[in-house]
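One chain, chain A, links the two complexes that follow: it is found with chain B in the first and with chain C in the second.
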Partner chain A sequence: MSKVLDNLRYADSHEWVLVEGDIATVGITDYAQHALGNIVYVDMPEIGDEVVAGEEFGAVESVKAASDLISPVSGEVVEINEALEDAPELINEDAFANWIMKVKLSDAAEADALLDAAAYAKLCEE
Partner chain B sequence: MKYYDKLIFELSHSGRKGYELPANKIAGHALESIPESLRRSVPAELPEVSEPDVVRHYTNLSSKNFGVDTGFYPLGSCTMKYNPKINEEIAQLPAFASLHPLQDSDTVQGALEVYYNLQQALASIAGLSEFTLNPYAGAHGELTGLLVMRTYHEKRGDTKRRKVIVPDSAHGTNPASAMVAGLDVVEVKSKPNGSIDVEDLKPLLNDEIAGIMMTNPNTLGMFETEIMEIADLVHKAGGLLYYDGANLNPLLGRVRPGDMGFDIMHINLHKTFSTPHGGGGPGSGPVGVRKGLEEYLPNPHVRKDADGRFYVDFGKDSLGSVSTFLGNFGVMLKAYAYILTLGKENIRNVGPMATLNANYIKESLKDDYLLPIEGVCKHEFVFDGLKDKSTGVTTLNVAKRLLDYGFHAPTIYFPLLFHESMMIEPTETESLETLDEFIDVMHKVAREAAENPDLVKEAPVTTLVRKLDETTAAKHPVLTYKAMLAND
Partner chain C sequence: MEENLIKTCLHDRHVKQGALMSPFGGFDMPIQYTTIIEEHNAVRHNVGVFDVSHMGEVRVKGKDAYKFVSYIFVNDVTGAPDGQIFYGMMCHENGGTVDDLLVYKVNDEEYFLVINAANIAKDYAWIEQNAKGFDVEVKNESDYYGEVAVQGPEAEEVLMRILGLPLDEIAFYNFKTFHIEGEDVIISRTGYTGEDGFEVYGSHDFTRRLWDKLMEAGVTPCGLGCRDTLRFEVGLPLYGDELADDITPLEASLSMFVKLDKPTDFIGREALAKQKAEGVTRRIIGIELEGKAIPRHGYPVEADGKEIGYVTTGYNSISTGKSVAMAMVEKPYAKLGTPVAVRIRKKTFPGTVVKKRFYDKNYKK
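So, the complex of A and B:
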């Protein structure tokens, strides 16, 4: 079954968030990479872009389908995972180690409203 | 059968040719009239082969192909029905095939009459006012239709309407076409039974909505029974309804999109009207509109004057041109031949037979395959993979295994509503024996998945090439012979 890590927060659109200070690291979950299948391209935002919670910030393309990435938090993109440009399959290898973007949070409370590991694991089972 | 996978370039031998030309008596002259900068400095690298080399090469390759003429092709949403040979015969008549699009209309009255009659026939089948036959395929028709929608709002000065509502079950071309037409996409959710959630739709409707795109029956093959209410809501909000004609087949001669409240639609002649589809194309995606929108259709149009003469017309309020000349005329001839072959009475039998065939397969297989939405479907339906998920055998594996048994795979991983979608559309043109054979094989694959899952996971084993590396194919496609050599 899909892995869920206890120290992360989750969106019901299958992104994970790790908050450290005012920086949130965002990726897609193990469940999401399983559902997508082999990932061939990750369309990432640019550094300096503003992302808004609940809105699209990029897309993941797999051999099955292209899916929008929905940002679980709001703020400014301060870093993107450039390794994914040449090796998007890293997400298939370890979805939690291979984050997509880091965001300087404009509203830290947003992350608190996300699902915890237990609630997300339950969502995946349904 | 002998293994054959060569490229024509691999057969090339320097100096070999299949022709003999007399000595060139004007050598030099022709070249000198072309400026130096436009002349080739090195000869073109064409394969040097004899006539038998060429004939054997392409005949061998053609035998590797799979098409409706070789076997059952249950590709959902694609309506891979049989392409009657009489259509081809008509389209190949020299009087049609040798026409030039710049000929004076006085010299092509017959062709223009066919064109005009097809415009009229489609309008009658769709319950709409007027059709353009210009667009080259389904998605091109969607783009054209959405440009009609956009032009309609803009000509009224209603420039705020930039959003198009698209269901989460829609064909992927719908949101893509809306983006290309310069409109924004808003998603409306489906209910658990797969149809549009009217309660989710209501709050989306406001004065920024240009319209909604729907296909009915939807991509799960289920008829949207609340269509009249949806049409009413969207119209009251000032929007238009677009009908994606990919799923028109089950409704032919029975239900008209115009009567369901649709304002604009496209028809895939290469699906519903039996013209070749896919590699055998080209396609054609006529667009029809209700009364009041005709003037926005693209140019040119074929019209009939009071004396019964046909002429090519250009309207001044048109959104412009979307094609060179009048579109894919050869395809139109085939579609028109199909309509005339069936006639008004028989065209009504297409939908019920397609529906019966789809339901027969669905009911015969639902013990082995997971049917997420029960009930009578229309021309197609969706399984969510094998019922027994414990074996690890996926929809992709089942699809590949079907190739081993000589069937084309169904559409897989679409619609996106389920993880293991397998979309099956048999069409009306298949016999009971073919359907039974397919059902037997699907049962057999399900048994194999339970008893020997690795066998299914390793499929296909009997095809010319085994399972392809789809990731590398998508990321690093090698499309040229030279690049292949460089990679060796």
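So, the complex of A and C:
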């Protein structure tokens, strides 16, 4: 069974979001890392990039395939997880501890529209 | 979704062992049991087993068997001892590749052809059609045979122990037929991984019993995921990526298997001889990229500010950690050391043309 954390919000494209003030931390879920298998590369945005909710902001690559990362929120990228450049497999080890980017939200209410843990857990079961 | 996929004789094993299943060449095949990286490393360093029962087998028998096989196959089987195996292609009249295959020489009047799963119907029809006028019987035995490939440095030891057979007497690219448990079983020292190993062809029942014994012996079950990463690292082509109806073996950089000077005529010879004389206009090469982004099939290859080709297969090599690709590029860019770039999503990643063998083969004998 894949892990789902109660304190996070989720997109149906399998990204998670932690909102703290006007900063959103974004990663992919345990379900997503499990479905992808061995992650060997994370194509991350650059600091200063504008990301838009529902649009692609990078990609995560397993041995076999590349999957687009879809931003669950809109705003400016203020930090990326540089540890993933050399050790993308950290996401396989713990998808929630190893976030991908931090975004300064342009619309803090946006995250409220995302799924809560219960709704996301249900989505994963389907 | 399931669209009438064929199940191999080991399908129930794969499902029970928790493999991730996916369609391949019309079959429902295991992609991985645990992870591609674990299975890949098992084959490189120990031993793994693949269900390759989806492969097709065609037997050619009759007085003209040598003449006929020589006519449809670009490699030269002339004068070979019984028990030898040849890799090569069947080509269209225009030089394009019908399929790549192994030809097992049983004797001058009998050959056993091993073809790609996705091409079984096409190949069989093409072989039959070209057999007119030859005194041969062509039989598609794909439904009879199950096949496993036992691959890795420990393959010989494990398989000899399980079967109690002198497999150490079989040289690389040779085979023997053994009478085991009341049936003929073909065992060859071949594979598609760049490691030592064997391929075993037997009935479905035999194949299931052998699989179970291999599992009991602790051999790692491997899916098609790592079969692709393994063959790729040692520069072996996959039909559909590096070879196709509209790609000639010369363009695929496989000219060493095309014997234009052999004593018999063969289909495609004229076109291939002409292409060799004039020089190919495009060719498959290796590319090593800077950085870890992964070039995938179909991604554009660029140089001098324009598109000069496309990636045929690419990975972050599990054995070397480098991002590498095989790619079809215009001839002027095929030289070793040529700077090229691969477009991956929105960015362009610089790289260099290298040999398409990214990892050295470890064949035993």
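By definition in this document, the second predicted complex is superposed on the first by the 126 of 126 C-alpha atoms of A that agree within 3 Å, B and C clash if a C-alpha of one lies under 4 Å from a C-alpha of the other, contacts with A are read in each partner's own complex, and residues count from 1 in each chain.
By definition in this document, a residue touches a chain if its C-beta (ideal position, glycine included) is under 8 Å from a C-beta of that chain, and two chains touch if they have at least 3 such contacts.
All figures in this text were calculated on a predicted structure; none of them were measured in a lab.
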- Applying the touch criterion given at the start, work out whether A:K122 contacts chain B, chain C, both or neither, answering first, second, both or neither. neither
- Message: Applying the document's definition of touch, where does A:K3 land relative to chain B and chain C: first, second, both, or neither?
- Response: neither
- Is A:A59 contacted by the first partner chain B, the second partner chain C, both or neither? second
- Please indicate which partner A:V40 is in contact with in the superposed arrangement: first for chain B, second for chain C, both, or neither. both
- Query: Just which bits of chain A does chain B share with chain C as contact spots?
  - Reply: 37-38, 40-41, 61, 63-65, 88
- Note on the structure: So, in the complex, the side of chain A touching chain C is made of residues 37-38, 40-41, 43, 59, 61-66, 85, 88
- Contact residues on chain A for chain B in the complex? 35, 37-41, 61, 63-65, 67, 88-89
- Query: Residues of chain B touching chain A in their complex?
  - Reply: 396, 412-414, 416, 419, 470-471, 474-475
- Message: Quick check on the complex: what are the chain C residues that touch chain A?
- Response: 31-32, 35-37, 225, 229, 292-294, 296, 315-316, 318, 323, 344-345, 347
